[in-house]
Amino acid sequence: MNILQKSRAKSPWILHYDAGACNGCDIEILACLTPVYDIERFGMVNVGNPKHADVLLVTGTCNKRSARVLKNLYDQMPDPKVVVAVGACALSGGIFHECYNVLQGVDGTVPVDVYVPGCAARPEAIMEGVMMALEKMNQR
Amino acid sequence: MINNVLSNLFSKPATRDFPAKMREIAENVRGSVEFNTENCVYCGACALKCPANAIEVDRPAKKVTFDLYKCVACACCAEACRKGCIQMAKQYAHPSYRKMDVVFQGEPLLTDANGDS
Amino acid sequence: MSNRTVIPFGPQHPVLPEPIQLKLELQDETVVSAIPHIGYVHRGIEKAAERMEYTQNVFLVERVCGICSFIHALCYCQAIEQLQNIEASPRAKYLRVIWSELHRLHSHHLWLGLFADAFGYESLFMQFWRNREMLMDIFDKTAGSRVIISTCAIGGTRRDISDVHLQEILDTLDEVEKQLDKTLPVILNDYTVKKRTVGIGKITREQALELGAAGPVLRANGVAQDMRQLGYAAYGELGFEPVTENDGDCYARAKVRARECYQSVELVRKAIRQLPDGEILTKPKGRPKGQVISRVEQPRGELLYFLSADGTNRLDRLRIRTPTFANVPPLVAMLPGCELADVPVIVLSIDPCISCTER
Amino acid sequence: MMETMEIKPQEIIDIPNIRDVDVSELLDRVKKAADEKRRFVTMTALDRGDHFEVLYHFDRDLHLEHLRVRVPKGQTLPSISSVYLAAFLVENEIKELFGLEITDIAIDYQNHLYLIEGVEPAPMAKDKPLE
Amino acid sequence: MEIINIFFVVVIAPVIGGLLFGLDRKLTARLQKRMGPPILQPFYDLIKLFGKGRIAANQFQLISVSVYIACTILSLILLATGQDLLVLLFVLALGHIMLILGGFSVRSPYSQIGSQREILQLMAYEPLLVFMVIGTYLKTGSFLVSNLMTGSYKPLLISLPAFLLTQIIVMAIKLHKSPFDISASHHAHQELVKGIYTEFSGAQLALIEMAHWYELILLMGFIALLWQTNLIIGGLIAFACFLAVILLDNISARLTWKWMIRFAWTFGVGISVANLTAIYILR
Amino acid sequence: MSNFIYYVPLSIILVALILAPLVFAFVISIVRSDYLCSLIIIVIAAVLAISSLILFARVTITHQIIHYAPGLIDWNLLVTIADFGLMAMFIRMGVRRKSVLILVFAVIQTIILAWVEFGPKHTEMAYPPIFIDWLSIVMTLIVSIVGSIVAIYSLPYMREHERHQNLTVSKQPQFFRTLLLFLGAMNGMVLSGNLLWIYFFWEITTLCSFCLISHDETEESLRYATRALWMNMVGGVGFITGIALIQLKNLPMDASRLLQLVHTGNEAHLVALLMLPMACLCFAGFTKAAQMPFQSWLLGAMVAPTPVSALLHSSTMVKAGVYLIIRFAPIFRHTGLSEMVAIVGAFSFITGAMLAIGQSNAKKVLAYSTISNLGLIIACAGLNTPLALAAAVMLIIFHAVSKGLLFMATGVVDQSIHSKDIEDMQGLWASMPLTSLIMVIGILSMLLPPFGVLIAKLAAIESSIQNPLVMAMLVIGSTLTVVFWTKWMGRMLATNPRADGRKRESLPALYAGTLAVLASGAVILSLFVKPILENLVLPAVANYYNVAGMEMTPTVLSAPWLMIFLVIALSVLAPTFFNHLRSSQIKPAYLCGEQIASHSTTAQFLTVADSAAEMTVRGYYFEKVTDESVHVKWVTIVATLLIVILFGAVYLWK
C-alpha cells in the first residue's frame, strides 16, 4: 500500500444525502460523529459538500425527485469516489418498496459500492461499511 | 461551558473502541434474521406477516428466499413461525459489496440479486 | 438587474439533516422571502397503508419518522383500538408512557444538539449527543433496537420491561438529569447562545394560533396546549401540566424543550413507580370499522391520525397530520426579516421532521 | 388537568362534532371559525368514487370540530388559504394527490408539491392501482 | 543565514503548522470527550487531496490558489529574513484577496457569500494587525523585523500588552474559529456549507490547507515578536495563544458578521488605540 | 541623445506644451473633417508626450530649476486681459444658467482681481513667470502623457457616444477643442511660477471642466455642470483672496521666491504672515480636489461622457488642487495649518472610502475612490515631511495612471453592456476577457502590492506615525478601501463554467492601444518604483525642503520589491500557462444538488414547483449602514467644521 492509498484509507470525507429516509438511518449516521462512536478517529469528516467528498453515504428510499439531486451530487464529486447505501430503504426500498413514489433502491440512480443493511442500520454497521468502501476504492 | 470542556479534557473519552472491541450486545436485540430450515414446513406464515415482503416461500419447491436488503428487522416472522425456525440473531447484518439473497432449499446458499451466484 | 440575491438553501445542505429546499431571496444578508420546496422524501405512505393489512400498518407508520417511531405507532394503535373497541391493559398503558417519554427525551436531546450545531456550537452538540447515547442504550436493551423500537402493538405492547431494566432506566435517568443540569444552563445562559437565539424567529401568539402552529412552537407563545392533556395511555393518571414560555422566539422554543426534558424524566420515574402488574397485550377481536381521529403529542407537537375503515382487513383511508406539517406555515412567517445566518437556527427551532411532513 | 377522553363505543362509528356544509357556504363557515379563534388543524380528503369528501378539522381548547364538504368529481373547491394561510400546504397536497382542483391557493405549487414531471398524477385516487 | 532561514520557513514551517492543526483537532476532540483523529491527520488529508481528481469551475481558481499560497510563503519569508512588517502584511493581504477572488469567481451562492464575508473578516482583523505593527514601530523606530531583533529593546509585550489580546482575536478570525467562523468553518456545519472554500477541491484545496499551515506559523511568529528578546518564550506565548483560540472555539457559538465587525472595531481597535496612545503619552 | 535634448530650445518646448494645445484647440473648432480632427489630436498628443519627456530629461539630468521669461510680447498684460475676459465669461454663464451663486462668486472674484491688478499695492516679481522644478515636471508628464492618452481614447469613444445620441450636428469639435484647451491650461498652470498666472490657468480649467461636464447638454448635465462651476468658483474666490492677502502684506508673488523664504530661515516672520494666504490657497485646493464637503461637484461630473471623467479624475482638474497644496507645502510646515490640512485630507480619505462601499455605480465608486485618494495625497502634504511628500507625489503619478485606466475601461464596458452598474458586470471575465483583465490590473494596482499606489500608501502610513489621529484614519481608511475594490473585482470574475471555451473579444484598435499602454504603464512603473523613488523623487523632495537627505529612512523601500514582484508574477503565470483545465474537469457550481444541466451559461436551480430559478448573488452594499444620503449630511457638516477649524488654527496655533 503506497502512501497515497494509505492516506485515502485514513482520510475519508463523507457526504451524506438523505434521499427519502425516515430519519432513522440519518440519526445513526449523525450518531457516528458523536463522542461514543467518533468516526473522526478514522479521519472521517462529514463535509457536506460533494466537491470535497470521497464517500457518498445515501440513506432512504430515493424517490424520483431525490434521485435527480442524488445524481447531481454524485456527478460533482471528484474521483476517486465510492457510494455507500445505508439501510433497507436505500438498498431496496425496504418496507416502502411498493409505494408509488419510490424507486427500489438507490443503485438504479448511482453505482453503489457497499450495501449496509438494517432498519435502521447501526452505527457500527455504517462504520464497517465505510471502511469496506475505502478498501474497494484502493483496490480500483 | 469552560468547566465542562475542561473536565472533558481531563477525563477519559467516551468513545467506544470499535472495531477493536465489540460492544456487548444486549439480550433480545433484533439484530438480523436467522433461518434454521431443519424444522421448516414451508407454511408461509412468515412471508404473510412480513410487512416488507422480504420473504418468499415456494411451498412446492420447498424453497425460502429471504431478501436481507428488504428486511426491516421487525421480528414479525420470528413471532409468526410456530416451528421456531426463525430467530433474531444478536449480531447486526454486515455490509456487503453485492446485494445477495439468502435462499434456503435444503442448504442455505447465497445468490446475487440478479440470480447469478 | 434585480437587486435581490436568490439562492437555494437545500435540499442537500450540511445544516439540514433532511432534504428540504428553501428558496431564499435576500437583500444583502437579510431574508426577504423564503418559500419551502419539499417532496424529496415523499414516499406515499398513506396510499401504502390502504394496501397493507391494518396489523402490518403498525410497522409502516413507525417508519413515517424514525425519531419518534414509537409515538406514531402508539397513535395508530390507539385509533385501531378505538375502532375495534378494545382497551390496552393498564400495564401496557404505563409501558407506553415510559417509551413515549423516553422517545421524547431522546428526541429533545437530538434536537438540542442539532440546534447547537445550527449556530455552530460544536462542543455543545457533542455533549447532548453523548448524553443521548445513554437513552439509545436503554432502547437497545429494552426494545432490542436503537431507533425503530417496534414495541407498540394493537391492544398493548409487544414487549415487557423487566424489573432489572426498570432499575437501569431509573439509574440512567439520574445520570441524564445530572448531565442536563450541567449542560442546559450553558445553552440557556451562554452569552453567545443568547446572542444567536433571543429575539430571533419571533412570532406572536396570535400568529402562532392563526398559522396553526403545534407543539413547542405553540407552547413557546404561551398557549398551553399539549395532547397529553387528553389523558391518553396513562397520562390521565400521572398528572400532567404543559410547559409554556411567552416570548415566541427561538430562545423560548429551546427553553420549552429544555424544560420538557426534565418533565419527561419525571413522568418516566412516576410511571415506573406506579407501573401495575398484569398482561401487556389485549387480544383484538373482529375488524376495525368506522371513522376515528386519534391525537397524541409527539416531541414536535400534536400528531393526528384520521382512520376510516370499512370492516375488511385493510383500511379505507389513513390520514396522518404530523406536527412539522403544521409548523411549516409558521416557519414561512418567521423567516422574512432575519439574517441569512439565522436561517438554520430558525429552521431548526421548529424541530423540522421532513419525513413526517411528506410521509 | 383536562378530563380524560371517554371512549364510548357508540360514538366512534362516525367522528363526533361533524357538520356538513355546502361548497358555496364553505368560505363563510371557515371565516366564522376563524373569527371564533379556532385553530386550523388540517384537512382530510377521501375519495368516495363519484365524489370527494373533504374534512376540515379545527381545534378549540383541545376539542376537535369538523366541517365536511362533498365535491363531485370534476368540480372545483375554493381554497381557504385566504382565511387560514396554514391551509396552503395541505390544499396543495390534496390537489396534487387526489386530483381535486382547488382554486386560488395562496402559494400554488402547480401540482408539483411532491411529485415531479412525468409521474402518474393523482396517485391517491381510488381508481389508481395500490402499488 | 538568510538561506537557512528561508529553507526553514519553506520546508519546516508547514510541518510544524500541520502538526499544530493535528493537535488542534485532537485537542478539540478531547475537549468534546472524544478520541479524535491521529495527530498526523492533516497530513493524510493533504496527501489524499493531492491525489484527488481535479475538478474546478474555471481557470481563475487555479491562479487564485497559486497566488494565495505564494504570497503566504512569501510573507513568511519576509518575516524570517527580517523585512518590513508593513510590507509583509500587505503581501499577505494580496494573497488573501486573491483567494477571495477565487471564491468570487464561481457562480455559487455559498462561495460568493463566503467571499463577501471573508472581505468583512479581512476588514475586521487588518487594522488590528497594522496597529500592532505601528506599536512595534513606536517602540523601535522601524518597521524592520531585523531591527527589532538586533536592537536592545525590552520585550515588546511589556509596553504593548493589548496586542496580545488583539492577536488572539486576529488568530481566531484567521483560523475561522468560533465565534468568528463566519465565512467558513472547520466543520462544514453552517449556513454557507464550507463558505469561501466550497468550490475548491482536490489539489487546490490541499494548497489552501497548506497555506493555512504557513499562515498559522506566520501568526504565531507575529505573536512571538512580542517577546523578541527570547524567541523560545515568544514561541511559548504564541502556543498559549493558539491553545486559547482552541478553547474559545469550544466554548462559544458562531456569531454574526455584524457582531464581529462591531467587536473588532470597538474592542479590538479600542484597546489597540488605547495602548498606542499610552505609548505616545509616556514617551 | 542628451545633446539632442539641449538642441531643442526651451521656448519651443514651452510652446509645444502650453500654446500648441491652445492654438490647435481653435483649429479643431474650425476643421470640419473627422479624419483631420483625429490626426490633429494624435499629433498633438505625440507632441505633448515627447516635449514633456524632453523637459523631464533636461531638468532631471541637469538637476536644475528653470526660471524662464517668455519674450516677444508682454505676456503679463495678456494674462491680465484674458483674466478679465474669463471673468466676463463666468458672469455671462451665471446669467445664462440663472445661477445666483455663480454670479455672486464671479463678481467677488472680479472685484478682488481688479483690486490686485489695479489697486494701490503692487508687488514686483523676483523671478520670471515660468518656473520649472521637479514637481512641475512630474505634473507635466502626467498631464501630457496620461491626458494625451485619454484624448486619443476619446476619439472612438465620442464617435460611439454620438452615434448613440443620434445627433444631427456633431459636437465633437467643441469637445476636442475644450479637451486640448484643458491640457494646455494644465500645463500652463504647473509650469508657471507667478501666482497670478497660476490663478489664470486655474480659472481656465474651471471653465473647461464646466464645458466638458455640460457637453451633452441634457437637463441633468447642465445642472451638475452648474454645480461644478459654482463650487470651483468658491475655490477661485479663495485663491484670489489668498493672492490679495499676499499683496496686501507686500509678500512676494511668485512660488519660487515664496519657497525660498523657508529655505533661508531668517525670514520666519514673513512665513508667519503667509499662513492666512496659504490657508486660502489650501482651501482653493480642497475645492478643486473635491475634498469633503466639496465632493458633490465631482460626483455630479459623472454625467459627462466617460473620457471627461477619466481626464478630470486622473491627470487634470483634481490634480490641480493637490498640486497647489503640494506646491506650497514646505511653507506651512510645522504649523497648525499643516496639521489641519492632514486631518482634512485624512477625513476625506476615510469617508470617501466609506461612501464608496455603498455604491454600485462603477463611476460613482471610482469618483469616491478619487476623493479618497486625493484625501490621502492631501493628508501626505499636511504631514509635510519629505517622505510624506514623496509618497504624495508617487500617489499622484500612480493614481493618475490607474484611475485613468479604470475610467477608460469602464467606458468601454459601458458602451458594450450599456450599464455602469457593478452588479451588471457580473461575469464580465467571460464575455470581455481583455477589458476585464485590464480592469482587474487597474484595480489591483490601486490596492495591493507590489503596485505603486500601495507602496506610496505604506510610505504615507510610515510618515504619519508621529501624528496618531491621522495614522488611525489612514489605517482604517485603507481597510475600507479593500472592501469595495475586492467586491468589484469579484463581480467581474464571477463566471460560469463554459463548455464552448473562452470568447474572443475584439476591441477597436484605439481602445485596445490606449488601455494597453496605461495598463502596462501601471505595471512597469510599479516595477521601477524603488529606483524612481530613490533616485528621482526623494532627492528632489529633500531639496524641496532644503534638508540634507531624508529625515527618516523609509523602511518600506528596503523591502525586496523585485523579488516580491517576481514571486507574484510567477505564481500568476504558472497556472495560466502550464496548468490548463480540460473541459471534463470543469464542473458546475454547487447549488445544493439542484443545479440544472452541467454546462449552462446561467446558474439555474430547480426550486418551488420544480420550476427553474436563476441563482443570483448580489454584492453587499450595506444600504442601511452606508446610506449615502444620511452619511453625506454629517460628512458635510464635519468637513465644514474642519475647514472652519483650519482657519481658526491659522490664528490660534501657529
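Chains: A, B, C, D, E and F, in written order; residue numbering restarts at 1 for each.
FYI, contacts are C-beta pairs under 8 Å (C-beta built on N, C-alpha and C of every residue); 3 or more make two chains touch, one makes a residue touch a chain.
On a predicted model such as this, the values are computed, not experimentally measured, just so you know.
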Chain C and chain B - chains in contact with each: A, E
Chain whose Cα centroid lies at the greatest distance from that of chain A: F
Farthest chain (mean CA position) relative to chain D: F
Pair of chains joined by more contacts [C-beta pairs], E-F or B-E: E-F
By mean Cα position, the chain sitting nearest the middle: E
Where chain A and chain F are represented by their mean Cα positions, the distance between them in whole Å: 60
Distance between chain centroids, defined by C-alpha means - chain B, chain F (Å): 79
Where chain A and chain B are represented by their mean Cα positions, the distance between them in whole Å: 20
Chain centre separation (chain A, chain C; CA means) in Å: 26
Residue numbers of chain E (touch at least two other chains): 29, 31-36, 53-55, 109-110, 113, 187-189, 193, 198-199, 250-251
Multi-chain contact residues (two or more partners), chain A: 17, 34-36, 38, 41, 46-51, 65, 68-69, 73, 76, 94-95, 98, 100-101, 119, 122
For chain C, residues contacting two or more additional chains: 5, 7-9, 11-15, 29, 35, 39, 42, 44, 47, 51, 59-60, 63, 123-124, 126-127, 130, 133, 145, 148, 190
Chains touching one another, given as label pairs in label order: A-B, A-C, A-D, A-E, A-F, B-C, B-E, C-D, C-E, C-F, D-F, E-F
Interface residues, chain C side, partner chain F - complex: 1-13, 21, 23, 26-29, 35-37
Chain D contact footprint on chain F (complex, rising order): 608-611
Partner chain B, residues of chain C touching it in the complex: 52, 56, 59-60, 63, 123-124, 127, 130, 133, 137, 140-141, 144-145, 148, 150, 159, 182-183, 186, 190
Chain B partner contacts - residues on chain A that touch it in the complex: 35-38, 41, 84, 88, 91-95, 97-98, 105, 107, 113-119, 121-122, 124-125, 127-129, 131-132, 136
Chain C - residues contacting chain E, complex: 5, 7-9, 13-15, 29, 116-117, 119-124, 126-127, 130, 190, 192-193, 195-196, 339-344
